[in-house]
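Note that subunit A is present in both complexes that follow, paired respectively with subunit B and with subunit C.
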Partner chain A sequence: MKDQNAYEEFIKGVWRDNPVFVQVLGMCPMLAVTNSAINAIVMGAATLFVLVGSSFLVASFKNLIPKQVRISLYVIIIATFVTVADYTLLALLPKVHKELGAFIPLIVANCMILGRQEAFASRHSIRFAVLDALGMSSGFMLALLALGSVREILGSGSLFNVPLFGADFEPWVIMILPPGGFLTLGLLLLFFNWVTARRAAFLEQVAAAEREGL
Partner chain B sequence: MDDLIWIFISALLVNNFVLAYFLGLCPFLGVSGRLETSFRLGLATTFVLLVTAFCAWVLNTYVLIYAPYLRLISFIVVIASTVQFIEMAIKKSSPTLFKALGIFLPLITTNCAILGLAIFATNRGYGLVQGLVFALGAGGGFTLALVLMAGIRQEAELSDVPALVRGTAMNLIIAGILSMAFMGFAGLFSSG
Partner chain C sequence: MSAPGSSMAVQEPGGARLVLALALAGLLSGLIIIAIFEATLPTITANKAAELRAAVFKVLPGVSRLQPLRYEGGRLIAAPGRATDDQTIYGGYDREQHFIGYAIPAAGPGFQDTIQLLYGYLPGERTIVGMQILDSRETPGLGDKIYKDAAFVANFDRLAVDPTVVAMKKGHKSAPNEIDAITGATISSKAVVRIINEARERWEGRLPPPGSEPALTEVEGSEGKE
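Up next is the complex of A and B:
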């Protein structure tokens, strides 16, 4: 039973409560850095590190943090982890760090991270807080990767810098520019809504059939 | 002087914070339902941007040259306390304005456009006047995008849109088209 719960906490962030497609949080980094799949992965990994780290700390100290100043404390904890991630990336992957530019420090203002501290980590045990953080950031990374791959395939004709089409492919430059980000995310959301609506309709049909004893 | 005009126009139109840098998207998608509130929120944000630009310059010049790794933490603390302070000041001096702004005032803290402005101004090495002009342009651009979006959304409410598309998906597609239109401004300076 305990393990079932843990699995549930993890998996809900990936699909049912996906931070991007369902809760529509963390849009700023989402759109700005997804013009290639590699940038998307690095951004997702940095967010994962920050979210798991700060969820762990917040859950560990939840009884010591006074209610009135909790938001400021969460923000300072998050900012500390982001600084660590920023300098680590600068040392390990200077090229990607340069491309992502100001958007690594801007993870601080990602409302998804603060939202998880306030809504989950501050009122659950360390184990569940970390699992929830892992699930949410996996869902976030999945969304980043989906958006980044679509934009890179259409906008540059490649995936992870590997050319996919022959020399005759005319890249859709608009897809790696800002409008492409908005349009692709809009269409992905539309697709997600459509799948969810279809699934709900299907479950409804099954339930109706069961009621009739079929 | 030319330099300042270029910074202003660039932040206002060509590199619009919302439509080209994707900063401040949460209020852009969340609060752009009504024309009146979007305009007020835009003004309040512009004010916070100006104060932040000033504080960031002071911090950069006098404090952070000794400890650059504290940049992010000190910026976010300054922004949070500025918003808190402005909130208290407005509440004391003009309760009517405070009521009109309501929940949007504290929410400005989590607007990534504010932190983004401080970081961009630092990375580009802007001085005090340049920073303030940059903040004014960015705030104007944010207000402009918000008001345009709110106008379109109010119209869209009356039109026949399929239920599946309504909501965030439609807003994002509208934003994409707006962003495409704003790309046209890129030609303003490249030829001159």
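Up next is the complex of A and C:
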């Protein structure tokens, strides 16, 4: 029973409550840095580090944090993890850091992270808070990667900087520009909603069949 | 009137506790940030220096040693080991310590943000022999060709500076002081040319006459590490 629960807390962020496709949160980095798959992965990893770290601390100290100043404290905790991620990336991956630019510090303002602290980590045990954070950030990274891959393949003709097509391929430049981000995100949301609707219709059919069978 | 007020005060933690919680969190956060800053600073500085060094070697072919030169008190002097600023350029020397050319950093507005570049200049031949973009935020796929398009960068491999560098429509380059602009990124191409021309005008009167460049001073750090 407990294992089932833990699995559920993890998987809900990846699929059912996916922060991007279902909750439509964290749109700023989603649209800004997904012009290549590698940028998407690094951004996703930085967000994962910040979210898991913050959720762990918030769940650990939830009884000590005064209600009146909790949002300020969450922001201080998040900002500290973001700064650590920022300087670490600058030292280890200066090239990728240059591409991501201001969007690493802007993780502080990612409403998905603050939202998980307020809605989940501050009300649950450390174990579930970390599982929830892992699930949510994995879902976020998957969404970034989906968007980044589509945009890099169409906009640059490559994936993870490996050219996919011959020299004759004319890159669809608009895909790596902001309009391409909106376009791809819109189509992916459409697809996600379509799948959800189909699934609901299917479940309804099954339920109806069962009622008739009974 | 005073009864509900006082009962509220009992339930809510005092202002002092709130301030203390915030102050403590701020203090811890500050300490962590200082620690990570101090821990990564040497690597970050070394990365930046290595990047600049690599760029100098790229824009000045045949150079094996370099030293910073600073314009001070009306003349150019060797300034090894000093903090670099916008009065600093780099002198490139070969193995026998003969002067080869200058690597001149320059910056100016591009299409979206400041473009920072470095170009190699041979004062004897009055020729630019290489150009590297150090930092830019030009449009991906169009303006970023100023460093991604090898054909555009090759424009600067042997480029006369007299009377001035001119950007021509692609395919119309005919004189040694002309470059082929990038189709679809005319503004970025012209920005690069303008930055180089402005830097050249600025440094024209400051460089000593060819043959009397500052000699290489033997200090640690002047050895090329590439």
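Definition applied: the second predicted complex is superposed on the first by the 213 of 214 C-alpha atoms of A that agree within 3 Å, B and C clash if a C-alpha of one lies under 4 Å from a C-alpha of the other, contacts with A are read in each partner's own complex, and residues count from 1 in each chain.
Definition applied: contacts are C-beta pairs under 8 Å (C-beta built on N, C-alpha and C of every residue); 3 or more make two chains touch, one makes a residue touch a chain.
As the structure is a computational prediction, the values presented were derived from the model and not from experiment.
> Using the touch criterion from the header, give the chain among subunit B and subunit C with more contacted residues in subunit A.
When the residues of subunit A touched by each partner are counted, B comes out ahead.
> Just to be sure I read the superposition right, which of the two partners does A:L154 touch: subunit B = first, subunit C = second, or both, or neither?
In the superposition, A:L154 contacts neither subunit B nor subunit C.
> I'd like to know which partner A:P66 touches here: subunit B for first, subunit C for second, both or neither.
The second partner, subunit C, only.
> Give one of first, second, both or neither to describe whether A:P94 is in contact with subunit B, with subunit C, with both, or with none.
second
> On the A-aligned overlay, A:L177 touches which partner chain: subunit B = first, subunit C = second, or both, or neither?
Touch status of A:L177: both partners.
> Taking the superposition as given, does A:T83 touch the first partner, subunit B, the second, subunit C, both, or neither?
A:T83 sits against subunit B and subunit C alike.
> After superposition on the shared chain, which partner residues are touched by A:L114: those of subunit B (first), subunit C (second), both, or neither?
So A:L114 only meets subunit B here.
> Counting only touches as set out at the top, which of subunit B and subunit C does A:N35 meet: first, second, both, neither?
In the superposition, A:N35 contacts subunit C only.
> Of the partners subunit B and subunit C, which touch A:P105 in the superposed model: first, second, both, neither?
In the superposition, A:P105 touches subunit B alone.
> Both subunit B and subunit C contact which residues of subunit A?
After superposing on chain A, subunit A residues 72, 76, 79-80, 83, 87, 101, 177 contact both subunit B and subunit C.
> Inside the complex, what are the residues of subunit A that reach subunit B?
Those in contact with subunit B are residues 24-25, 27-28, 30-32, 71-72, 75-76, 79-80, 82-83, 86-87, 101-102, 105-106, 108-111, 114, 174, 177-183, 185-187, 189-190, 193-194, 197.
> Which subunit C residues qualify as touching subunit A in the complex?
My answer: residues 12-13, 17-18, 21-22, 25-26, 28-29, 32-33, 36-37, 39-40, 43-44, 47-48, 51, 135, 137, 139-142.
> With touch defined as at the start, can you tell me which subunit B residues reach subunit A in the complex?
So the residues of subunit B touching subunit A come out as 19-26, 29, 69, 71-73, 76-77, 80, 110-112, 114-116, 119-120, 123, 164-165, 167-173, 175-177, 179-180, 183.
> Would you pull the subunit A residues touching subunit C in the complex into a rising list?
35, 64-66, 68-69, 72-73, 76-77, 79-80, 83-84, 87-88, 90-92, 94, 98, 101, 155-156, 171, 173, 176-177
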